[in-house]
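The structure that follows is given in the form of structure tokens.
As written, the chains take the letters A, B, C and D, and residue 1 is the first residue of each chain.
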């Protein structure tokens, strides 16, 4: 019983981090339908920025987080205007090539200025304190991540489903010409959505750095992980990604608890089975 | 221009294979390592340590000029390693090979050095069995057996009764687990559980729970330095293991190149290892000073020391045997010298470095974290060679 | 600009004297490389093996339009199969290649039964997951595969009992080249066959192919098995020539590199696969040896330049240039 | 035994939604029938039920007395049912000639051959050239379909479908998207179709329907409203209401 409870709690805490690091990709790849392999690159830029701010300039964590996210958005906007705008029209394979090219340049840039070692982000020491939940000890920052993750998924759900921006975005992705004829400024909607995706990637990179530490090759090292969450969640569904992230977190944790020797095999076999049964993701029905 | 006829080529190879010219010449040393990609730190540490050695000792031995040539293989990539070795041996006519961060990269050149009779000095790759694949391999780093056994002996002597081992599930991890386990049980201790953690693990919380549940008083861990170590030590400190009274003993987890990234959570971690950059000796201080002078941003670690002593060994072999591979290997056997890490020698059978293994604890030293040595096990050979 | 049908290109090149031109160019290039870079035979051989591998992926992605990110599954299995066969059964290289091919085909068949039903992102992920499982198995079966240390002890007898693997790698070079050459010839026949046309039809419009009565799924499985066979051969070549197999043979990065090289050169053209491999590996090799710390800049900008200015891959460069000159007149 | 297509009580439900209701219909050999009806009447669903892209919930389809209700799409093509697509669905990166050649190769069970050339069979090549000539596509034969005008693509669509040598040909809005200046090309092509063929045209354009069809079936809400000759249909009050009432001519 305690084992099951531990699996669920640890799994949710881990799943929330998976959600954090991949939610930006749910926006760019899931909603905007770009094969955005550069997603991890924005997380890397955010993390590197937070590293410099907290470690070199001694900025406290929360302002550094905000500043880094803004910095990434500021980088993302001209990048969208100059480069991504053209990438939208590319075929999927060309998108793969283009975004891999971008991610290589991002890695090389971070490598040039900060080297290829771990780039830690200093957090207030209190967040590392173990919190005793009675049946289980959990680090405080995991609890913070769980809360932030819940806020994030709620906010995004409302943004995409309930606001005009969300409707515009879905209309624009569905059919750009129709959307334009309805008077929707599709380039601006795309720009906003892209900036949102990049900003979320940065948030995820920084908050997830407790488990997936930032270093120059971060985007390549964890690419499979990001893709897994979005694929299992299903394209175009923030809530799907959320549920997928939690399920994968619990699945992976259960594997590590119960079958540690074959945990990785178990995890990927489970994903194979899942995708074989639900090829379009957890929430989307097979067509 | 570069056109060469095959005949000439064959002659060139024949000449170098016979080797051993007595005249003053340029003797080339080919260094095969990872200089690009996520593991580029290896190549960087190797190269800088060699440059420090050359800066301290000049580039001449017996009137011969020593030239180091570096080849990148981009990570664990045996195909590239073999191709690089071929190119170095044939085009550059190197008389010594060196480097080798990853085990497969070293194993891939074994057939080549056997044929060419060229010594290969391993600066890192830590699987005991490598040296059995060719009598031309000499190693100046360490093996997991060499550091894990002293770790077990020290732990047993210092109050550990029940230990849980937690290692990354790949060959070095298994080596560490076996070495530690057998030595610890020999000392009368009990291994209560052996946990093997998949290499891809990012969240170590489940393992922390298992470690706690195992009822052990100490955890022995082995993980590759980098993100895995970061996440593991973080999980160790944040899941209340320290508070639960479970001690930590490891080996290379607190590597100097990543220790500062580990931050406060690392303080107090105990490890058994063969080199710390704050080892107190004049030689080490001189080494650190030169390194700081040439590469102000760098910090020495075990890879630096493997390369530094490797360079020393190559100089010695050239001094004693010139470019005759067989003679050079014979000369290397039994050599002993004072290294920045302490007294070392080359065991004639295993062709592996015999060295002190230090017990260290992570402490804060000004703005950085260091592995402070407080105990040692003297003259440990490669205990895994005969297994 | 009107795009010229590839089939027309193939037809003209196959008719009359044009038939031998690519063959002649290929052989000339091999000899030129052999004479001009006698010291780089190791690297050139690696490139030839990679060309075999990329060409096998071209059949799947470029012709049948099936995008996977797990092509290393067949490469790795071929490599381990050939390595284990050499150690435990027979050190004959050609037999080893055959074993690699068979195992590549089997893995492709069984994984293809699942994969060829999937599409898009789901297909990418499934292929990644299958490769991960295989890598993990190879890594855990230490007694058989040597685990992370690699499978050692592979030694080969002379090819056909005559050509011994030599120190400089001459034999290895010509061995790899011969295999590549034969595979290219086979694939050229294959892509010009009714089956090849059907694959291109499937890439263009699977729904139409179904509407004309094609069992699309089985055609794709067949293509995947053929691609897997060749990938298995590539893996076997690497095992025999390096005399070592490591778990890196299953790496995700390898599958990704193969995709990048193919798109870079031009998917759907056999020579595009060759050019992409040549350029990518050369640039990486040269850039990494000149400046190992910043070489990724070069690769990154090269990929961006190609995708923005040569969307059909490097192989379209001559035509592009010709088009620009023509437009200026 | 009737020759041609015999449909009895065909129904299809999507969950609670009934999209085909009890359709009973005969399309004898050589017929030129047209299926009309307002948007959402279930015309495309009906076509998909016949070609096997959808499986019926109940009812049967017989071709020349043989029950084909349980066959899949590919098998029905082999049995002799072919359909053009409403939005052209061609092999855009293949030449026009390959677009015609591919279905013939498929029909002749050759696409599983690896070692012969795809253009190596004289009989097939002759058939390809004949079809190209029939549809006046010879001058375009080497162009990629992608580069053709839309009207030309519709002709390729027709030729491609015909190359399967079907017995029943279903034309799903053959003139959709074709500028009116080019629609005579389509009408001509349909009129030239061989007489052994039964043709079912699904169309909006009444002018085209009245020009080529000898029987017209009106479908509303998934059910047959009325069936008859063009004259009968044009006189039918319910149809007039349906079309004229909605403002169509």
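In this text, a contact is a pair of C-beta atoms (placed from the backbone, for glycine too) under 8 Å apart; a residue touches a chain by one contact, two chains touch by 3 or more.
Heads up on the chains, UniProt names are A, C = Inner-membrane translocator; B = Extracellular ligand-binding receptor; D = Branched-chain amino acid transport system ATP-binding protein.
In this text the structure is predicted, and so the values were computed from the model without any measurement.
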item	value
Co-neighbours of chain B and chain A (Inner-membrane translocator) - touch as defined	C
Chain whose Cα centroid lies nearest the overall Cα centroid	C
Relative to chain A (Inner-membrane translocator), chain with the most remote C-alpha centre	D
Whole-Å gap separating chain A (Inner-membrane translocator) and chain D, where each centre is the average of the chain's CA atoms	47
Chain B-chain C (Inner-membrane translocator) separation of Cα centroids, rounded to whole Å	36
Inter-centroid spacing, chain D versus chain C (Inner-membrane translocator) (mean Cα positions, whole Å)	42
Whole-Å gap separating chain A (Inner-membrane translocator) and chain C (Inner-membrane translocator), where each centre is the average of the chain's CA atoms	32
Chain B residues counted as touching two or more neighbouring chains	40, 169, 198-199
Two or more partner chains touched - positions in chain C (Inner-membrane translocator)	136, 140, 293, 295-296
Multi-chain contact sites of chain A (Inner-membrane translocator), meaning residues that touch two or more partners	220, 261, 264
Those chain pairs that satisfy the touch definition	A-B, A-C, B-C, C-D
Touching residues (chain side chain C (Inner-membrane translocator), partner chain A (Inner-membrane translocator)) in the complex	61, 67, 114, 117-122, 124-126, 128-130, 132-133, 136-137, 140, 252-253, 256, 259-260, 263-264, 267, 293-297, 299-304, 306-308, 311
Chain C (Inner-membrane translocator) residues within the chain B interface of the complex	35-43, 45-46, 49, 136, 139-140, 142, 146-150, 152, 155, 167-170, 238, 241-246, 248, 288-289, 292-293, 295-296
Interfacial residue positions of chain B with respect to chain C (Inner-membrane translocator) in the complex	2-4, 6, 9, 13, 35-36, 40, 43, 71-72, 74-80, 82-87, 89-91, 103-104, 107-108, 110-112, 115-116, 127, 129, 133, 169-172, 174, 198-199
In the complex, chain A (Inner-membrane translocator) residues that touch chain C (Inner-membrane translocator)	29, 83, 86, 90, 92-94, 96-98, 100-105, 107-109, 111-112, 220, 223-224, 227-228, 230-232, 235, 261-262, 264-265, 268-269, 271-272, 275-276, 279-281
Of all residues in chain C (Inner-membrane translocator), those that touch chain D in their complex	2-3, 5, 7-8, 11, 189-190, 192-198, 200-201, 203-205, 207-215, 219, 222
